[in-house]
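Each of the two complexes below includes chain A, the first together with chain B, the second together with chain C.
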Partner chain A sequence: MGIRSDLPLHAWALVAAAKREWRVARRYPDVFIGAVAWPVVTPVVFVFQARASMGHGTPHRSGQTIPTDSVHLAVFLYLGWLVASWLALLLTESSASLSGQRVQGSLETTLLSPATRLTLLFGLAPVLLVTGALSYIAVLLALVLGFGAHIALSSALAGGLVILLAGPTLAAIAAAAGTTTLFMRRSGGLVDIARALSVTFCGFTAPLAIMPTWAAKIGRLLPPTWTVDTLRDTIFGGPSKTDWPRLSLLLIGTFLVISALSLAAFAAGEQRGRRSGTLGGV
Partner chain B sequence: MVSRVVLLSLRKDFRNVVGSPIAVLNMTALNPLYRLILPSYLLATAFLYHGRAVGLAQSTGSVDFQGFIFVGAFMNILMVGAIIGTSAVIGFERGSGTLEQAWTTPSSRVATAVPFAVSALALSAIGAFTCLLLGVAAFGVRLRWTTVFAIPAVLIGVAGMVGVCYLVMALLLRMGQARAVLDGGGFFLGLLSGNIFPVTVLPGPLRVISSALPSTYAIDLLRHFALGSWPLLSVRWEYPLEAVCSAGLLGLGVFAFVRAERFVSTTGRLGQF
Partner chain C sequence: MTEPGRTGVLDGQQVSSAPHRESMLAISDVAKDYLRGRRTLVQRLRGAPDERAVVHAVDEVSLAVDRGEVVGMLGPNGAGKSTLVKIIATLLVPSRGSVRVCDVDVLAHPRQARRHLGVMLAGDRGVYWKLTGRENLEYFAALHFVPSGQIRRRVGEALEEVRLTGSADEYVERYSTGMRQRLNLARALIHEPEVLLLDEPTSGLDPVSGAEFRRIVRGLRQRGAAVLIATHDLAEAEDLCDRIAVLDRGRIAFQGSVDEAKTLVPGSSVLTLEVEGADLDTAEVAAWLSAHFRVGLVERHERSVRARLYCESTSDLMAELPGKLHAAGLRAIRTEAGRVSLTDVFFSITDRRAGGGHGHPQ
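For the complex of A and B:
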C-alpha cells in the first residue's frame, strides 16, 4: 500500500483518530480546565519573586535583559510560562495517550490496522492545540484584567497566529517524545527530563542573554524558544516586529523533519516490539 | 500499638517505593526541580547585579538567592509531598482494596490514619533532602551552621503538615478523587508560605492568610538561621506563633477527618472512588 495512492484514506484515518480523541477529551474536561487555570495561576509566584528580586530601585542587570516595570514584567513571565505549560501538557499527554492504549490493550489492536501511524502520533494533537488556544486567551484576559496590560487587538491576533504556527511543531516534539513509550516500559522519566531541559534552555522565565553562551546557543536552536521569543516580540511590539515568512518556514520545516523522524522511530519501535513480542507489555 | 502499626505500615510503603524508586524520585525531587526551582533560579539570575542579588538583599537581608530558593523549595516539597503523598497512599490502598481492612484494626480511626500521614511525610522528606543536597552540590547553596537552630521550626511545621494530611484524607474520603483540588491546594499552600519569595511582597488579604500558616514561619525561621535573612517577627515570638498555628491546623485536620470518617461509615462509601 503506497503512501501516495492512499493519501485520502490516511487523512481520513487521521481525522477519525482526532474525532475519537476529541470525544474522549469532552468526557473528561479537566484537561481544558487545567489548560485555562494553571497558566493563569502559576506565573503569580514568579511575578512575586521578581518583585522581591527587584528590591527598591537599585540598578541591576535586569534593566538590560528583562522588563522592570510591573506590567511588562508580568507579560514577559506569563507568556513564557504559557509556552512552558503548553509544552508540558503536550509532552505529558502525548506520552500518556500511547501508554494508556498500551495498558488498555488497544495498542496492539490499533497496530493491526494498515492505517498510518500518524493516527497514533498526532491523533491527540487537535485537542492539545485547542488547549493551547484556550490557555492563550486565558492568559491574555488575566494580563488585561489582572495586571492592567494594554494589548492591542492586532498584537493579540498576531500572537494567536504564533500559537497556531507553533502548535504543530510543538505537537511533533511531543509525538517524538511519545514514541519512547515503544522502547521503554515507562517513558514518564524521559518526558520529565525533556520538560526540565526545556525549562532550562528555552528562556521561559528569564531571557537567554543571562545564560552562559553555550546554553544560549542551545536555546536558540529549540522551537519552544522561537515560539516564546516571537510571542513576546509580537505582544510587546505588534505584528510588524515579527519576520513572518522566516518564522513560518522555520516552524513548518521543523515540523516536517521531526514528524518524519518520529514516524521512523515509531516504525523501528513497532518492528522491535513485534519481534520481541513486547508490543503490548506493560 | 499505634507505633507498631505505624512502623509496619511505613515498612510496607517503603517496600513499594523500592519497587519504583525512579518514579518516587521523579515525583518528590525532580518534579519540583523543573517546575519551581529551575525557573525561579533562572529568574533570580536575571536580577543579579555584578553577580550579587542586591534587590533580594533589600527585600530580605540576604544576597544568597540560591539558598533562598532551595530552602523555600525544601519546605515546599515537604508540604506538597504531604498532600500528594497522602493522596497516593490512600489511592493505592483503595485501588488494591485494602483500605477497608486497614479500617478494621482495633485502634482508633484517627490513629489508623497516622501511618498514611507518616508515610507521605517520610517520602516527601526524601525528596526534600535530595533537592537540598542537589542545591549544595550543583547550585552553590551554602547553609550556615546555625541551621540546626531551625530544626525545631521544621519539626513544628511538619506537625502542622500532619494536619494537612488529615485534611487531605477527609477530602478524599468525601470526594473519592480530588486531584485538581489537591494540586491547587499544594500550589496555594506554597504560594502563601512564600516558597520562592518573601511573604512581605504578598498583597494585604493574602498576607493575612499567610500569617495563619505554620509553614510561613517554618520557611522564614529556616531562612533566618540558614542564610541570615531578616525574620518576619522576633524569633522569640515567631516560634510560639508557629506552634499555635501548627496546633490549630492539626486540630482542624483531625476534626475534618473525624467528620468525614463518620460520613463514610454511615453511608458505606469507604472503599468507593
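For the complex of A and C:
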C-alpha cells in the first residue's frame, strides 16, 4: 500500500480535486470575465502614457526586443500585462482557495483522507490554465482588432504553447504562496508582495534592458520573466525565435523543483498544525 | 488484534471485567499538552523565560473499541473529547502515547490509518457549500480511494442511507443544519470505513433526524464497524452505546457499560425534589440535603432549588420527606419519581453542579 502502488488512486484524487474546483469556478463566471477584462483594459492606460512620454522609436539594447512604434508598444505592454494579470490571479486564487477551505473546515476533512496533498495545492491549476488561455485569446483579439497588429497564426499558436508550458510553473509558484496560509492563516499580504516584486522585476511594463543591472539580474532568474520574454519574442519574431527544447526543459524543471518545495512546505505546515491543533483554525 | 479484558474503572478502581475481544481501535496512555497563552516575538527575541502554563487537554487516556461495538465518550465542554477524536483522526499529534487503528500505528503511518477511518467532526463544517451534496460525496469518495467505477453506486447508497437522495443535487449552502450534518455523516461513511469517529453527531439535529442517526449507527454496528461517539447527549449514549467512557478534565473518570455506570449512583431510583424560595442559598440547601439524604445534582432555578435524591424506594423516601423538610423550614413545590439515568451517573462522576450546589452522592 505504498504511494507508488497507489499512484493511479492519487492521480484520480487529483482529477477529482480539479473537477471540484471547476464546479465551484463555473458558479462564479466573474473570475473568467475578470481574466479577460484586466489584461485587455489595463494596458490601454500604459499605452497612452507611453505614447505621450516617449514618442516613437527607442534604441535596441542587449539584443532584446524593445518597442519601436505604437503597435509594437501595444503588443509589448499587452503581453506584459497578460502575464502580470494571470500571475496575480493565480497567486490570489490559490491562496484564497486554501485559506477559504481552512475557514469552512473542508481543509481538515480533506486532510482526513489518504490522498496526496497535491489535491489541495494543484486542484485549482486547470481552472487557472483555462483563465490564462482566455486572457491570451482576448489579448490577441484586442491587439489585432484594436491596434491593427499583424500577428501570424503560427506566432499566435506558438504563443499559446508558451502559455501552456508556463502554466504549471506559474501555478507551482502560486501553490508555494498558498502554503503560507498554513503558517500565517492568511497570506493576502504575502501575495501582494509577490505581485509587487513580479511587476518590478519581471519586465511586464519595461524591458529588462533598461532596468538597473542588479534588477535585471534578479528578473532573469524568475519564471514569469522567461514567460513574458518568450511570448514577446514569439509574437514579434515568430516561433523560430524561441529555443523550444531549452524553454521546455527550464519550465518543466522549475515546475518540478517548485512543486517539490511546495509539497515539502505544505507537509511542514501540516505537521506544525497537527502539533498545535491549528489546522482547522480561522 | 486482541486486547486485554475490558474493565469498568472509576478513578483507578476496577468495577467489573469482560472477556477478550478484537479491538479495532486501541488508545494507550495518550496525552496532549498545550501551552496556554502566547509568547510574543519580543519575548522570543529577548530570550525571556517561557512562563506559559501547560494545559493537559488529554491526560493519559487509554480506551479500546471492538469490532461491532459502539462506545460513547461523554464529558462536559472542554473535557478533551474533541481533542481525542482529532488525535485518533490523525489531525492532532499527541504529546505522548500511542493510537492503533485496525492494527495500524496512527502516528507512524497516518496515511494508512486514514484508509480505515471515517470521521465526522463536530459542527456542520467540513463540506463544500458551493457544491451540491452529490458533488461533495463524489469528491470525497475519490479522495478516499473508492474505485472510480464504484463511486456513483457508493454515493447513491450513502445519500440513501442518510435520506438525502431528494436533495442530492441542491447546493449545500441551501441545506438546513440537520441536512449538512447528515451529509457530513454520509461523507464519513462514503468509503465504508471499519472505524467510525463521530464528534457530536446529533447536535443541531431535530428528534426525527436524531432517531434516523441512531438507526444508521445501529446498522453500522451490525455491519461490524467499531464506532466511537463523542456526545453530550446522555439519552443518546444510553440508547445507543454498548459501553461508555466519561472524560473529565482530560482524564477518563469512568469506563464500562451503562449498567455498570449506574451502580455508581447510590440508589436505583431517583426523586426529583423542588423546594420553593427565591432567596434560598443553594449551598446551604445542598449541605442540608446531603446531611439527610443521598443527593445528586443540586441546581438553582429562578424561584426554587432543585435536587435529585437517590433511594431504593421512592415511596419510602416520599413518606419521610415532608416531615424533614418542614423541620428545616423548606417547602416542596414539586416531587417526581423516576429511575436512575445516565444523567445521574454523568453528574456524579464529573461532579458538575449546574446551580453551584455542593451535594455529593453518598
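The working rule: the second predicted complex is superposed on the first by the 270 of 282 C-alpha atoms of A that agree within 3 Å, B and C clash if a C-alpha of one lies under 4 Å from a C-alpha of the other, contacts with A are read in each partner's own complex, and residues count from 1 in each chain.
Definition applied: contacts are C-beta pairs under 8 Å (C-beta built on N, C-alpha and C of every residue); 3 or more make two chains touch, one makes a residue touch a chain.
Nothing here was measured: the structure is a model prediction, and the numbers come from that model.
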When chain B and chain C are modelled together on chain A, clash or fit: fit
Could you tell me if A:45 is touching chain B, chain C, both of them or neither one (first, second, both, neither)? first
First (chain B), second (chain C), both or neither: which does A:192 touch? first
To the nearest 10 degrees, what angle do the lines from the C-alpha centre of chain A to those of chain B and chain C enclose? 90
Can you tell me whether chain B or chain C touches more residues on chain A? B
Looking at the overlay, does A:153 come into contact with chain B only (first), chain C only (second), both, or neither? neither
Examine A:145 and indicate which partner it touches, taking first as chain B and second as chain C; both and neither are also allowed. neither
Report for A:207: first if it touches chain B alone, second if chain C alone, otherwise both or neither. first
Chain B versus chain C - smallest C-alpha distance in the overlay, whole Å: 15
Report the residues of chain A in contact with chain C in the complex, numbered from low to high. 1, 3, 6, 9, 12-13, 15-17, 19-20, 23-24, 27, 104-106, 108-115, 119, 271, 274-275, 277, 279-280
Sort out for me which residues of chain C touch chain A in the complex. 34, 83, 86, 89-93, 111-112, 114-115, 117, 119, 121, 123, 125-131, 135, 138-145, 148, 187
Mind pulling up the chain B residues that touch chain A in the complex? 22-23, 26, 30-31, 33-36, 38-40, 42-49, 53-60, 65, 179-180, 184, 187, 190-191, 195-198, 200-202
Contact footprint of chain B on chain A as seen in their complex: 30, 33-34, 37, 41-42, 44-46, 48-56, 58-62, 65-66, 77, 81, 84, 186, 188-189, 192, 195-196, 199-200, 204-207, 210-211
